[in-house]
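First the structure, which I've put down as structure tokens, then a few questions once you've had a look.
Naming follows writing order (A, B and C), and every chain is counted from residue 1.
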Amino acid sequence: MSFFFEVLIGGLLSGVMYSLVALGFVLIYKASGVFNFAQGAMVFFAALTYVGLLELGLPPWASVPATLVVMIALGLVTERVVLRPLVNQPQITLFMATIGLTFLIEGLAQLMWGANVRGLELGLQDEPIQWVTDKTGMSLSKFDLVAAAVAAILVTMLALFFSRTRIGRALRAVADDHQAALAVGIPLQHIWAIVWGVAGAVALVAGLLWGARNGVQFALTFVALKALPVLILGGFDSIPGAIVGGLIIGASEKLAEVYIGPFVGGGIEGWFPYVLALVFLLIRPEGLFGEKIIRRI
Amino acid sequence: MLYREAGQFKTSYQTDTAIFPIRQDQIAIVVVVAVAFVAVPLLATPYIFTGILIPFLILALAALGLNILTGYAGQLSLGTAAFMAVGAFASYNFMLRIPGIPILLAFAGGGVIAALVGVLFGLPSLRIRGFYLAVATLAAQFFILWFLTKVGWVTNYSSSGVITAQQVVILGHAFTTPVSKYLLVLSIVTLMALAAKNMARGNAGRSWMAVRDMDVAAEVIGIRLMRAKLLAFAVSSFYCGVAGALFAYAYLGTVEPEAFSLDLSFRILFMIIIGGMGTVLGAFLGSAFVTLLPVLLSVTVRFLDSTLSLHIAESTISNLELMVFGGLIIFFLIVEPHGLARLWQIGKEKLRLWPFPH
Amino acid sequence: MNETASAGAHHLEARRIGDPVLRLDHISLAFGGVNALTDISFDVREHEVRAIIGPNGAGKSSMLNVINGVYRPQQGTITFRGKERRGMDTHEAAAHGIARTFQNIALFRGMSVLDNIMTGRNLKMKATFVEQAIWWGRARNEELLHRRKVEEVIEFLEIQHIRKTPVGRLPYGLQKRVELARAIAAEPSLLLLDEPMAGMNVEEKQDMCRFVLDVNEQYGTTIVLIEHDMGVVMDISDRVVVLDYGKKIGDGTPDEVRGNRAVIDAYLGVAH
């Protein structure tokens, strides 16, 4: 029984990691209606830049802000060069543009920093917490718990930001209707700049944590793909949804692998979240927390 | 003064609905076909066949399939490569387990199996739209590849998961040389492109475009959404399946599921975006572009290396390739969302007026 | 408007208006907490031109949507050609000869005018996709036959000069005409028009009136139309239904309705 809980909690915690990536998606979607497929590439880019700067001799306390600056710059350039020209196009066009952006960022990242796999040290070990193991017989990773805490703090801050502050309200207005937002005097360009900057920061946090966990390698970009089922479950425009969705995906993925996997040869993790999301979509097309879309004719 | 329609009047609806209504276009297409079937086999080197022409044609066929689904019917799909894989492995199993089956029938059978799988994964499209559907097709991509890797029966219990395509023999003639493979692929692709064009300009194509443009209105005028969408998935997957079979039999030779990865799906999506969605020509232009770009890059690099002694690493080239593709996608979507096909059309219109500016 | 009126009146006498072909009984439709339609009953006779009028938000478009199956009413029945039912789905409605146009033009923007109108004939095309792919026999003959029919509609509505133009590039008035063409191409027995003359100038309205009357008189199509222009309504319709806040407040000939106190109050905005 405790094994079940161990797998469950391990899954929940890894789900938190997915949530971090999904958060970036949600931010951009909430504020600009754009589904940024390139979020995963941005996570990869952030991690790679951080490690690259370290290799160049920068100490960690300087490398983090420097990377943050780079990420914000990347976000601003993206908004200016890719999204602004496409502002009135249908969603599918914007989505495909972000697919193109993904490849662009991936190529750029590797061009700048090389394609070697690197480790990332955050001073946290991925080892079980002793007193938990003593008390319950389960191994819970210290790393995972810290990651979960970080995610919780981040989510709370972002949720408060969106609902309580003036800028947050402006962001929600922009996401709902660009024209109307312009009509009431909300400065669209500034708003988008802020959003992409924040998304870049979130990508940095996600990049650091993921990089520390799995090493900084190209496969990191595929994490973004896993964020898609998370978003489907949680809704594309809900911050709490990103967390809940991440938890569900993480937990179900691990549980499926452990309990169903052996019967079918293993490797279920690769497709299980997608099939789960698919089934979910059939029942509730707008996600757990998303808004129902009403179309008038 | 070359490209004029003056004096070419259509006296029947039949001639008005022809694929190439303008005399100059009719001549041009005859020339293109003659060059493709006669001149190229005589002049090209084996490398050009195996490295450029054959993959160009096969991927153009897959792009045609994806275009039917995404370009005409508006259902975004990221699982193209998976359907190609189904076609490849299904054809292999037909050849393996039904002795004496004609290979063209095995290809068609592979296409049919791919079509059935396509319909299965297309069922969600009845409830889901837009990029939610893209996620459903991702499920197809990952699940199908996993299935083909795990289920031993599919690969005839090969320990490495790799299958070797059997020799292509039609009516006693073995297609082993690059030229013969090229002609085989060219014939199949030409016929299927013609069929696609016919479907596109007929009722099926109009129904698909209606579903893409405004599905609620399409329903109101009597188009059955379910039938139209599932037909699009079926036909599209058939095309991808046949392309996959050709990929295995006329190009790779030895095939593993990983050859049909998500990366290939993206590549084919790029082809139709760059080439022009919703056009038959676009599939070919896009495929040509995506196939030729790496060749062009490596030729340029080699040139720079030999003339300027500028040595560029392999990895840099592949990264540059990624960046160029990504950048071009964005460029095309901003500047000409209808892709190269539209640029071609604009060019023809300008040619009509030449030498006058307007 | 006068020339159209007198010519129209002459034709009105010449047509024989038949028995009710469509009857709505106690239709009630609600969305969440909002009552769009409350207990609406009226009928439409064969070959007549029936107008539905009322202030904005009265539920007129919802009424049309109920008739051709886009919405299913919570209460009430629709009797079309003798068969009584709670509602039809849109495909059934189209198959039974009901065609319509929309308030916000619902044309397929990626296609040309000709292709848009051809989609109106889709229910009459029987060839399978395989036959279409080979472009042989039945598929080819059908395509040419229906092209001929569509060209008749194009000539009828005088849009020959734009037949190959992509619909997205046309001005508003012409788009409305193409939408009408698509509806007529289906050879419907009942035509539902949702504000076919909205946003048009006097000339365009005259043309549209002429077309609507011609369809009614030449093809015998029963017409139900929503219209705001009172002049048009009074001139071309046989009978009028007046809706306000989802309820029926008037039903009769244009003259009868014109003098109805409740109708006048509704339009003048008198609180009621």
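One rule holds in what follows: a contact is a pair of C-beta atoms (placed from the backbone, for glycine too) under 8 Å apart; a residue touches a chain by one contact, two chains touch by 3 or more.
Since this is a predicted model, take the numbers as computed values, not measurements.
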### Interface ranked first by C-beta contact pairs
A-B
### Query
When the mean CA coordinate of each chain is compared with the mean CA coordinate of the whole protein, which chain is closest?
B
### Task
Average the CA atoms of each chain to get its centre, and name the chain whose centre is farthest from that of chain C.
A
### Query
What whole-Å value do you get for the distance between chain A and chain B if each is reduced to the mean of its CA atoms?
33
### Message
Using Cα averages as centroids, what's the distance between chain A and chain C in whole Å?
### Response
49
### Query
From the C-alpha centre of chain B to that of chain C, how far is it in Å?
42
### Query
Which residues belonging to chain A are in contact with no fewer than two other chains?
297
### Query
Listing for chain C: what residues touch at least two other chains?
70, 102, 106
### Query
Touching two or more other chains, which residues of chain B qualify?
216-217
### Message
Give the list of chain A residues in touch with chain B in this complex.
### Response
35, 81-82, 85-86, 89, 91-93, 95-97, 99-108, 110-111, 114-115, 225, 228-229, 232, 264-268, 270-271, 274-275, 277-278, 281-282, 285, 295, 297
### Query
Can you list the residues on chain B that touch chain A in the complex?
74, 76, 124, 127-128, 130-132, 134-136, 138-139, 142-143, 146, 149-150, 216-217, 262, 266, 269-270, 273, 315-316, 319-330, 333-334, 337
### Message
Applying the document's contact rule, which stretches of chain B touch chain C when the two form their complex?
### Response
13-14, 17, 195-196, 198-199, 202-204, 206-207, 209-210, 212-214, 216-224, 231, 235, 278
### Task
Report the residues of chain C in contact with chain B in the complex, numbered from low to high.
68, 70, 90-91, 93-95, 99-100, 102, 106-111, 115, 118-120, 122-123, 125, 127, 129, 132-135, 139, 142-144, 147-148, 151, 182-183, 186
